[in-house]
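Note that chain A is present in both complexes that follow, paired respectively with chain B and with chain C.
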Partner chain A sequence: MTAATVLDVGSPSAKQKRSFWRYWRGNLKGSEFTWALAFSVPYIAVFVAFVAYPVFYGLWMGRDPALYADVFSDGIYRDTVVNTLVFVVLGVNLKLFLALLLSGVFMRPGWLTKVMLMLFVLPWAVPQLPAFISLHWMLNGEWGLLNNALWILGGIEGPSWLNERWTALGAAIASHIWKWMPFWTVILLAGRMSIPQDIYDAAKVDGATGLNRFLFVTFPLLANLYLVLTLLATIFLLGDFNTVFFVTGGGPNNETHLLATLGIRNAFDLARPDLGVAVVMTALPVLIPLVIILMRKLRTAEVQL
Partner chain B sequence: MALMRRSLLQGSLGFAAGATLAAPYIANAQAKTMSAWFAQGFVEDEDIALRKAVAGYEKASGNTVELSIIPFAPQRQKIVSAITSGVVPDVTQNNPAEILPLYAWQDKWIDTEDVIETQKARFSETALKSAQAYNDVTKKRAYYGVPLRGACVPCHTWKSLVEKADMKMADRPRTWDGYFDFYKKVQDNLRKKGERKIYGLGFQITANGVDPAALFNAFMHGYGGQGIVTPEGHLNLDARIREAAIKAVEYLGGAYRDGYVPPSAINWNDADDNNAFHAKLMVMDVDGTISTEVAVKAKHPEWYFDEMVTDGLLYPTTNDGKPITCITAMLNAVIPKGARNVPVAKEFLKFMIQPEVLQDTVETGLGRNLPPMPELARTPFWENPKDPHLKGYVQQGLLGPTQPDYYVFNPAMAEVYAQHVYSKAMIAVAKKGKATDAVDAAFSEIKEIFAKYPIKQS
Partner chain C sequence: MSTQSLATAQAVAIGPRSGAAGRRGRIARRWRYATNAGLALLYVVLLVWTFTPIYNIVMIALEHEGDVYGNSILPAQPSLDSFWVVFTQGYWYLENFWHQFGNTVFIAGMVTFLVLVIASMTSFTVGRMRLRNGWLITNAALLTYVIPASFLAIPFYLIMNHYGLANNPWSVIAALVTFATPYAIFIFQEYGRSIPIELDESARIDGASPVVIYLRIYLPLMAPALVAVGTYALLLAWNEYLYQFLLLSDKRNMTVPVALAQFLNSDQAPWNYMMATAIIYALPPLATYYAFRHRMSSGLTMGGVKG
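The block that comes next holds the complex of A and B.
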């Protein structure tokens, strides 16, 4: 060990201390640092209490590997994974594709379009619980509004929508699309409105009209937005609870659960919160990559037409 | 100036931190305040009755009760969350009823024997048994609940629909199969009259809620299959029980398969059968409490007094004419371990189980729930000759032969109910499966669940 090294043993710690404080305080001096701390502490406290703590508490509750053996051996869970995949693939894509088309309709000028848009967003504005409970009753096979209408108008005996797995799941997907499509339509409408008219004018000169205008101008400019919305909608839908809980109740015979509703069932109906958390945790391998891709896509700023 | 601002900021932060740390100390200083969580009643009068009783305690004791009345389903979630997190109220109720034995097994409740002792001689035997549960930590059965109200499962009938089918209520057989077959005939007659959507039997063949297990148990007892769990907590799946289970599954699932039960019943929740019954879309319903009747008493007194019939007094017998022991589920108050004011909680519960308080609570609540003391059934309210429902209901669930639900003897049964094992068997038969296969599958699952809850000593 050289003398220089010996001398350095004491001073780095003092230097490190100073550099730590410099780093910690940034360029703030005197009372500025105290003010910054005072403003930051409430936010940090809220973040720790309502974001970090629940997430880590959930991870802690679901830490026992034996829980996952219980989850994977449960037949209801296996059905639930299939349901969730079907729900996500159909729910997200149908909803966004229809929203993309409808946003074009609502770009048309005129007061009638504005009135239609106002009516169209109503399902989104209605609170979820009464909306989905109403749908549950409307879909009742014997005395629901839908089957009564079919009988009165066409003498058709409608099926018991909520009695079979696939019709019940289909009803839940349709209810979800009905409820949330207006929201995504409005976002895509805003996206369309942000495209400068100059680009369309230039495209028109080049002969791009009708479908070509959509394919070669509108869609490329909306593509990144559409992809971001798809990722967002997928993340939202993976955590969706209300639709299935209130429309099908997870039935018949626990055949239409999604991960979120099964998690709640396990946590509270079986009084096994740890098992409920474990069910939801199994979505993380899908959810985390989605969030990472979403974060990357949000940085995209340029589009090549 | 900078120094003052800094001092002010540092002082404020110090005060905020100090106040946070001191808060529990201040709360502890208010030793006479306690918290209580109860489920919202099905009729508003039940909540009025509860508030009245709590106000009576506050006046008598000078203590304060922070009362939370929470809707039924969220309260269940709140209790499970509270027990899991350890942040518990001083008093709550066993909602659902099964959590009393489930959490007693895990040693999560305070012993309540000293509370029970104050009125022990007055409680029915079923009420006392329902307040007990097995603790797997102490390996002993002890009192963990305090009985407040009870409920059994009567049969509810629209007299007007029976008469619409040109049949008479008085012609209903009193034996089990005959009684329920009568309603199939009512439906057949209604179909002939062009009523395409009125069903004879409102059976909850569903895997949701608490109703299907209660329905199945009623049929098990109807077919002589009493005692699937012994009072010592041991599972009994002998030939008698198996035969009753096969008959029960066949009748319930078969009635659905044959079109005598509304098709949507396979996916009903707890409220759907009540809604369907109130809409006169089925002739009869087997459903716990008389909420079906009291819910319409104010708005449709003609329904309550003339059109609806509750078969409690005239509850059918077994097929060989023996009276049936009805299962009476008890609503118990419980004190979770970790409660801050256990002495006040116990004092509160001692007040709540005084006969006059219990009487006022159940009677102000329109009699949807039964009192836990037989002497409280002999009041003008329950014996009112003008009321067509109360006398029969209290006879069936309190004065007649009753027993606690099976989860009281072993919490495994609570998991059997939560996993809807019986529902799966009924649904299998409803979907044209064989009753014997359905029962064998159900019994196999029940055995697996019971293996997790071994009780060595009673």
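The block that comes next holds the complex of A and C.
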């Protein structure tokens, strides 16, 4: 504190100013407060320049109600909404339910389980692009590995997976599950490992084994985590671009788009950025409540046992 | 006592139990066999499921161009030619391959460094110095974490054009730092709770400035979290596609994934070269992931098991 501020104490405006700074300063003294501000400036700058500004810019771009009339009258957009719903309902739930079951398998002791887990997480460790390009070619009706294998091993003539809407969408969902199931399995495995063994021991004394143990001990303890993961997976999936872009390319005839790929298509292939933003914006009525619930859950509680 | 009579004695002792208890033992054994058989079946299914697409990449990379359009499930004449073509940039799509690889390394390295610096500084002020209203920063980070990055891509692209940063690697670095930092802050704050605040306070009483505490106490103690977050940021930057695709269009500025995706647009794409490129591109992150797997998963546990 300099001498000048000490002398200024008498004047009301200085007092107000001082209490304002004292409020922000909290228990930090002198130069510490300056340092605290300096340390937090980089992230605040990143947030303002690259999150807040694009968000407001996007909202401003999508301000015209006429845009939404254009969006809703577009048949491709209506298909996209249906695709997104199917993708969320099947993709998220299958993925997480299988991950929940598999995480139980990977709780088994022994080296074989460890080796299996190490191999099983491979799809998650492989970058998205090589994985999805490989799946795209694998599902090629004429030359792809899948149909070749079906023909050689079973004598079955496989369909052209990517040339028909529902098989293409199914292929995209399966690819998404292939890529991301290991990630959720690892998280649920960690959740299971954090359940203390004594709870299981006590349950055993009470006669809960096998399925009962899962239904009445494990699942209730994991339920909150499972819910949070479902919300998180839904949000991640709403923003998923790479799966559909590389596995189906949005085709055939733009019938397998998700909101993210359709937004990019409108903005760059049709050169209508405002229409692209408007497509993405229609997800907000779903996205905002999800974000609010999720932020509350993520901020407040640890996993409660 | 002879061995024979010992055996008889045992037989007698076992004899009466071979009723109910023996049957229960047999059932238990059969149940165990059934479980093991089921488990073995499950493992086989999982391995086929996991490895088919990966086998597909390797198989095509080992094939000759003509054999890609064939109907076999084994490479006809396996060879490493396509890898050689990629290494020597011997195809016109690949003429800048090593330059593009360098771009990917540069972007991933810068993103990792900046994420570590920015996130550790932020978590230090909020978690250790207890900046008043620091929760605003935490919430901003959390909000960024749950906004899908692809939804911001269009305005972000237009803004970068306004700034004159289009086709500049720094615009990609900015985008990736923006989307990787929130999770990093989250992990650092969780991990920082395990470090006693008294350490900072005693250093403060001894007259250490915040910078000294940050550099000498906070960072060394945070080393495990720094490794976990560094790995996370590196993999995120290496694997990201959408922003790199939108923001980098020049052949010399491009990164490997953008170049790789360009193959797809050509008719009769040279799939064997493409898959060889894909394998070379995938190896560094795979090696990083398996090297730091245990640290990563402890970091994930901290972030993921919150709920």
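Heads up, the rule we're going with is that the second predicted complex is superposed on the first by the 271 of 305 C-alpha atoms of A that agree within 3 Å, B and C clash if a C-alpha of one lies under 4 Å from a C-alpha of the other, contacts with A are read in each partner's own complex, and residues count from 1 in each chain.
One rule holds in what follows: a contact is a pair of C-beta atoms (placed from the backbone, for glycine too) under 8 Å apart; a residue touches a chain by one contact, two chains touch by 3 or more.
What you see is a predicted model, and the numbers here were worked out from it, not measured in a lab.
Novice: Identify whether chain B and chain C fit side by side or clash on chain A in the overlaid structures.
Specialist: clash
Novice: So, does A:Asp269 touch the first partner chain B, the second partner chain C, both, or neither?
Specialist: It touches chain B, and chain C stays clear.
Novice: If you count the residues of chain A that each partner touches, which comes out higher, chain B or chain C?
Specialist: More residues of chain A are touched by C.
Novice: Touch check for A:Thr167: first (chain B), second (chain C), both, or neither?
Specialist: In the superposition, A:Thr167 contacts neither chain B nor chain C.
Novice: A:Gly239 contacts which: chain B (first), chain C (second), both, neither?
Specialist: In the superposed model, A:Gly239 contacts chain C only, not chain B.
Novice: May I ask you to decide whether A:Gly141 touches chain B, chain C, both, or neither, giving the answer as first, second, both or neither?
Specialist: Touch partner of A:Gly141: chain B, not chain C.
Novice: First (chain B), second (chain C), both or neither: which does A:Gly30 touch?
Specialist: first
Novice: Quick one: is A:Ala131 in contact with chain B, with chain C, with both, or with neither? Answer first, second, both or neither.
Specialist: second
Novice: Given the touch rule stated above, what does A:Asn254 touch, chain B (first), chain C (second), both, or neither?
Specialist: first
Novice: Identify the overlap between the chain B-contacting and the chain C-contacting residues of chain A.
Specialist: 31, 35, 37, 137, 143, 264, 267-268, 273
Novice: Give the list of chain A residues in touch with chain B in this complex.
Specialist: Spelled out, the residues of chain A in touch with chain B are 30-31, 34-35, 37-38, 41, 137, 140-143, 160, 162-163, 168, 248-254, 264, 267-271, 273.
Novice: List the residues on chain C that touch chain A in their complex, please.
Specialist: 39, 42-43, 46-47, 49-57, 59-60, 68-73, 117-119, 121-122, 124-126, 129-134, 137-144, 146-159, 174-175, 177-178, 181, 185, 209-211, 214, 238-239, 241-242, 246, 257, 260-261, 264, 271, 274-275, 278-279, 281-282, 285-286, 289-290, 293, 297, 300-301, 304-307
Novice: Would you pull the chain B residues touching chain A in the complex into a rising list?
Specialist: Touch list, chain B to chain A: 2, 5-6, 9-10, 12-13, 76-77, 80-81, 84, 99, 102-103, 197, 199, 206-208, 262-264, 266-267, 269, 275-276, 279, 281, 414-415, 418-420, 423-424, 427.
Novice: What does chain A use to touch chain C in their complex?
Specialist: That would be residues 23-28, 31-32, 35-37, 39-40, 42-44, 46-47, 49-51, 53-55, 57-58, 61, 102, 105, 108, 112, 116, 118-123, 125-131, 133-138, 143, 145-146, 148-149, 151-152, 178, 186-187, 190-191, 194, 224-225, 227-229, 232, 235-236, 238-242, 246, 260, 263-264, 267-268, 273, 276-277, 280, 283, 287, 290-291, 294-295, 297-299, 301-303 of chain A.
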